C-alpha cells in the first residue's frame, strides 16, 4: 500500500493546461499529483556561436525551482550566483531528451528555449518537466507552421518521461516526494511511443540493484509513459 | 480613450487567489489584468547576523521575472549570475513597503521571506507584488497566530500599491505595459487604508512634471489603492 | 534646533571644485558639509549594443563608496564581487536624473560615463552626486563643443538634487548622516530650475506620512534646489 | 573492426599506478588506453554543516580536465569562474557511485575528498575516474586503519565502471574518443563485483534504442567491469 | 633630458596631506607629481579566521584605481566582478611591504586595513601607495597609543618605496607614466631608512638587464627612498 | 647542513620529460626534487582583442595547483569561483618571463598558451614552471617550424629560473618547501644563458636584507640557472 493509496503500477493524476501564459510560443502548466511545472517554449531567430552558418537549429532547456516550491524554502540560484549541480544535471537531461525527438536540421537557424519552472515540487519534477515541455514544444512548432516559418514539422513522434524506483523493497511507478525520499533505487526514464529508450538514469542510493530489478523498473516505466503519451494526445487533439 | 477601453481613473480587474501553493505559510496568486504574480510568504526561525540577540524580526523580499513572463524571453539572472539593478530596486521597494506595515518587534527572532515571482508581466508587476504579498503576509501571520507561535498580530493595518503615470499628456491610473512603455511620467505609490504614504517613487522619463501634475497623480493613486484594499478585505473576510 | 545648528530650511555649505583631476572631460569635487564626492564625466565614442545604428547617445552612471568613506569601514564591492542593491538603486537614480536633462539625440553615437566616487559620506551622497555630476557634465559638453565634436549643446537647462526628511516630527532640508539615521521619512528630489520634478523618491521608514507632510517636504526641497542651482551657476560662470 | 583494432567486447589496456603523489592518503594514476586520470583521495577531520553531530562521514568528488587534456585547449573553469554542467554532472556521478560502496556510518565525522584530474582525455574519463578512485579509496582507508583512526573498514566490496555504446549500429565496450564522438547511444555503468548495478546512465544521442539493445549493452558492461575489478585486485594484492 | 625636465636621479615633487578624511584612524593624500593616492588606514578589533586565538595582529592592503584616474576610463572591478591580476599583485606588494615594518605580535588581535585608492595615475602608483600608507599607518598607530589601546608602538622604523627603470638605455629614478610606458626595465623597491631591502621587483619588459644595471638602479632607488623618508619625517614631526 | 643534505649552492635533482601528453604542441613534465609540474604549450590561431590587426602574437600563462598537490588539500579555484592573488601573481610572472625571451613580432597573429599545472608542490613551483615551460615552448616552436607555419624561430635564446633565499641566516639555492617555510628572505630570479636578468622578485618576510646579501643571493641564483640551462640543452639535444 502506497502513501497515497495508489497501486504500485499507477500514475498520479495528470493535468495538462495549454496556453497557460500568453507570450510564449508554447506554454503548458503540467500537474502530476501535487507537482506543478510551468513549461514555456520560446523560439529565437538565431543559434549559439558554435552552430552559426550550418543551417540547423538548437534546443536548450533551463530548469528552476521557485524558492517555496519545496517544503523548506530553498535559496534562489540567482541570489547564490551559481547553478547547483542538481539544476545543471536536470536541465541537461531535459534538453537531451527533447533534442532526441526533434530533427534540428529542419528548424533553420533558430534556438528553441525550453523553460521549466517548478511552482510546486512533490517528486518527479524533472520527468514532469519533460512530459509537459513536449506538449509546449508541439504547440510552438504548430505556431511556427501556422505562421509559415516552418514548412514541415521537425518532430519525430511523441515522447514522455516518468520516474520509477524501489521503495521498501518494492518497485513502484511515479514516486511522490515522500516515496522518493526513502527509495533505495531511483530511476528516470524517457521513452518514445514505440517504447524505445531516449534516456535512462538509475541510481542505487544505498543498495545496488540486480538486473532482474532493472527489468521490473523498465516494465513499470514503459506502462506509465505510454499512459502519459495518451494523455498528451488527448490534450493536443481534444482542443 | 485607453488602449483597453478603461477610463483614466479605472483599475484593471483584480483577482486574488489564496493558498495557491501548499507549502508556503502564505501563498497568493495575484492577477491585475494580464499581470500574474505568485507571492509566497515563508517564515524562518532565525534572523540575519546583524539582528541576532535583539529579540526582533526581519522581513525581506525577493522578486523575479520568469524568463518568458515577458514579450521577448529575458535571460535568467541565475544564468547571468547577477541580479540586475532593476530587480534589486524592485525587491528593495517591496521589502521597505511591507516593513512599514508590520511591527517587527512583535515577530520574535524570525525572518519573513516574501517571494514575488512574476508568471506574466503586463505592467505594474512591482505594485501587484506589494498588493498580493500583503494578503499572503496576512495569511502567514494568521497561520502563526493559529499555531500559537505569535500571541498578537504585528500588522498595523491594510496597505496596497499601484502605478500611475502621464501618457500622451494625460494622467492615468494602473498602466498596462503598452501605456507604461510610452509614459512621460511613471510613478509607483504604496499607501495605507488611511491614505498615508508608505512609498512614492516618481520618474520623469523625458519631460519633468509640475507640482500640479504630482497632485493629480496622487489623487488617482489614492482612489486606486483604496479600491485595492477593498478587494483585499473582501478576499480575506469572504473566505 | 538641528545637530549642527542649522535652521530646518537651511542647506549645508556647498563647495564645488572644477577640474579636480586632469584626465576626465569633466571633473568636479563636490562637498556639502562633510560629504565629499568626486564626479568625473567621460565621453566614449560608442554606444551600448542595443543602441547601435540609431544615431543617438547614452548616459550611464556609476556610484561607489570608498571603503573608509564611512564611520565603519565598508567592504569593497569589487572584493565582494557584486554590487549591493543600494549601489544599484543609487546609480540608476543618478543616471535617470541626468538623462532627463539632456537630449541624447544630439549626442551622436557616444556614451557619457558619470562616475561618482564618495570620498567621505555624511548624508546626502546620492543627491550631492547628482548636483556635482551636473556641473561635470556641463564641463564635458563644453569640452566637446570647443573641440568641434558637438555643434550644439544637448543640455536642456540646469538641475540639482537634495534630500529632505522628517526628523523627530519636523520636516527638514538636507539631512546630515546623524539626522538621516533617525529620520521617520526620507526623501530625495531632483528638479529643474523651473521647479519641475525630475525624480521624487520618498520612503516612510517607520511612520507613513500624510499628503500635507509631502507638501511641506516638497517646499523645502524646492527652496534648497534653487539655491544649489545658484551655486552651480556661480561656479560655472565665475570661472 | 574498431578504430584501434579491438574486438567489440574488449577493454583498452589498463594501467593502475598507486602512490603516484606523496601527500594524499590515496593517490592513483589510472590509464585506460590514452586516457590518464590522477585520482587523489584526501581525508578531512570534519563534515559539512548539514551532517554535524550525526557521527557519520561524507564522501564528495571533484572532477576537472586540465586545459590541454583535450585535442583543442579547453578554458579553465577557474578562469570562467563557473563549473560547467558537464563537470557538475560527472562529479555528482563519481560521488554517488563511491558513496554506494562505503558505509559512511563507520567513518566517524570525516569527509573523504575524491579529486579526479584528467591529464589526458581519450574517452571514458568519468568511468576511469571511478575505477581509479576506488583503488585510491582503498589505499586511503587502509592508511586510516594502519594509523588506528578506523577500527574496521567501511568498504562493502569492490566496484568499477566502464562505458559502452552503439557505434555504427554495433554495441561496443569501452569507447575511445573517436568512437564516442560518433556513437548513437552512450552509456556509463558502475557495478559491484557481484554484478549489481550502482549507476546506469544511458543516452540516445540521436536514435532511441530498444530494450534488446539495452540488454546487449548491459552484457558488455558487465564483462568489462568484472575484468576491471580483476585488475584492481591484482594491483592491490600484488604489491 | 627627461620628459618633465628632471635629472635622472631626481624625484618628482612630493606632497603628503595628513587627516585628509575624518573617519579613518589614519588618512593621507599622497601626491608625487600628478599621481594622487588616498591612503586610509582602519583598525578592526578582530583578525582573520586563520589567526584567531594567537594573540597577534594582521595587516592587509587593498588597492584600486578610480575609473577615470587614467587617460582612458578603466572599467570598475566591482562591475567586472573580479579583481585583475595587476590589482592583486599590487595589493599583495603593499601588504607585504608594510607587514615587514611592523611587529604584529604587538598589535593584539586586530586587523589593520590599508586602503589605497588612486584618484589620478601618472606612474608610480604602487610605490606612492606604500610611501603614503606608511604615514597613515604611523597616524593610526599613534591614535591607538593615545587611546590607550596599545602600550608600545609596534613599528620598527621608517620605510618608503619608489620606482626606478631604464628608459632609452638610461637608468632613471621615479618614472612618470610616459617614461614608464617606454621603459625597457621597470623596478619597484621598498627600503628601510637603514637602506635595507624590504621588496625588490624588477622586470625586463623586452631587454634583459645586466648585473651592472641592477647596481645602478639600486643606487638610484636608495637615494630616492632616503629623500622620501626625509619628507615623511618632516610631515610627521612638523605638525 | 640542509634538510635534505644538500650544499647551500646545490640544486635538487632535475628531471625533464618531454612529450608527456599527446595533444599539446609542447608538453613537458618537470620535476625538481619532489616538485612536479606539467607544462603544456598550446598554439591558437588568433590573438586577444586588443592586439588584432597588428600582425603580432601573444603569450599568456596560467598556473594552478591540483587540490592535493600540497600537504593539506587546497580548495579548487574553480569551486571558489575566483583566482587567488597568489595564483595571479605567479601566472603573471611566468608570462612576463617567457615573453622576454620570444620575439612576438615573428609569431603572426597567434596566441601561445602556457599551462603550468602543479601535480606535487615541494617548493619552487613557480620557477620550475618557468624552467619546464621554456622547454615545452621550444618544442611547440619547433613543431610550428616543422609544419611550415613559422619560417624562423622567434626565440631569442635559452632561459631558466630558480629560487634562492636566506634560511637561518644562510643564503641558499633552490629552497624546498620546508626551507621556504622558514626563510627570512625569499627570492625568485629568471635569467638568460648570458646571465642577464629577466625577472627578480625578492621579499623580506620578516627581516629586511642588505645589499651584500642581495649580491650573495644573486650569485647563487646565477650558478643554479646556468646549470638548469645545461639540463634543458641536454634534454633538447640528446633526444
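Some notes on this structure:
Letters A, B, C, D, E and F mark the chains in the order given here, with residues in each chain numbered from 1 onward.
The rule is simple: contacts are C-beta pairs under 8 Å (C-beta built on N, C-alpha and C of every residue); 3 or more make two chains touch, one makes a residue touch a chain.
Keep in mind that what you see is a predicted model, and the values were worked out from it rather than measured.
Common neighbours of chain C and chain E (chains touching each): not present. Each step here moves to a touching chain, and the least such steps from chain B to chain F number 3. Relative orientation of chain D with respect to chain E corresponds to a rotation of 120°, obtained by superposing CA atoms and rounded to a multiple of 5.
Rounded to whole angstrom units, the spacing between the C-alpha centres of chain A and chain D is 28.
Averaged C-alpha coordinates put the centre of chain C at 50 Å from the centre of chain F. The residues of chain C that reach two or more other chains are 81-83, listed in rising order. From chain A, with the walk directed at chain B, the chains encountered around the ring are A, B, C, E, F, D. Touching chain D in their complex are the following residues of chain F: 21-24, 27, 34, 36, 38, 40, 42, 44, 62, 64, 66-71, 73, 76-79, 81-83, 113, 115, 117, 119-120. Those residues of chain B that touch chain C in the shared complex are 82-86, 88-89, 91-92, 96, 100, 191-192, 194-206, 208-211, 214, 218.
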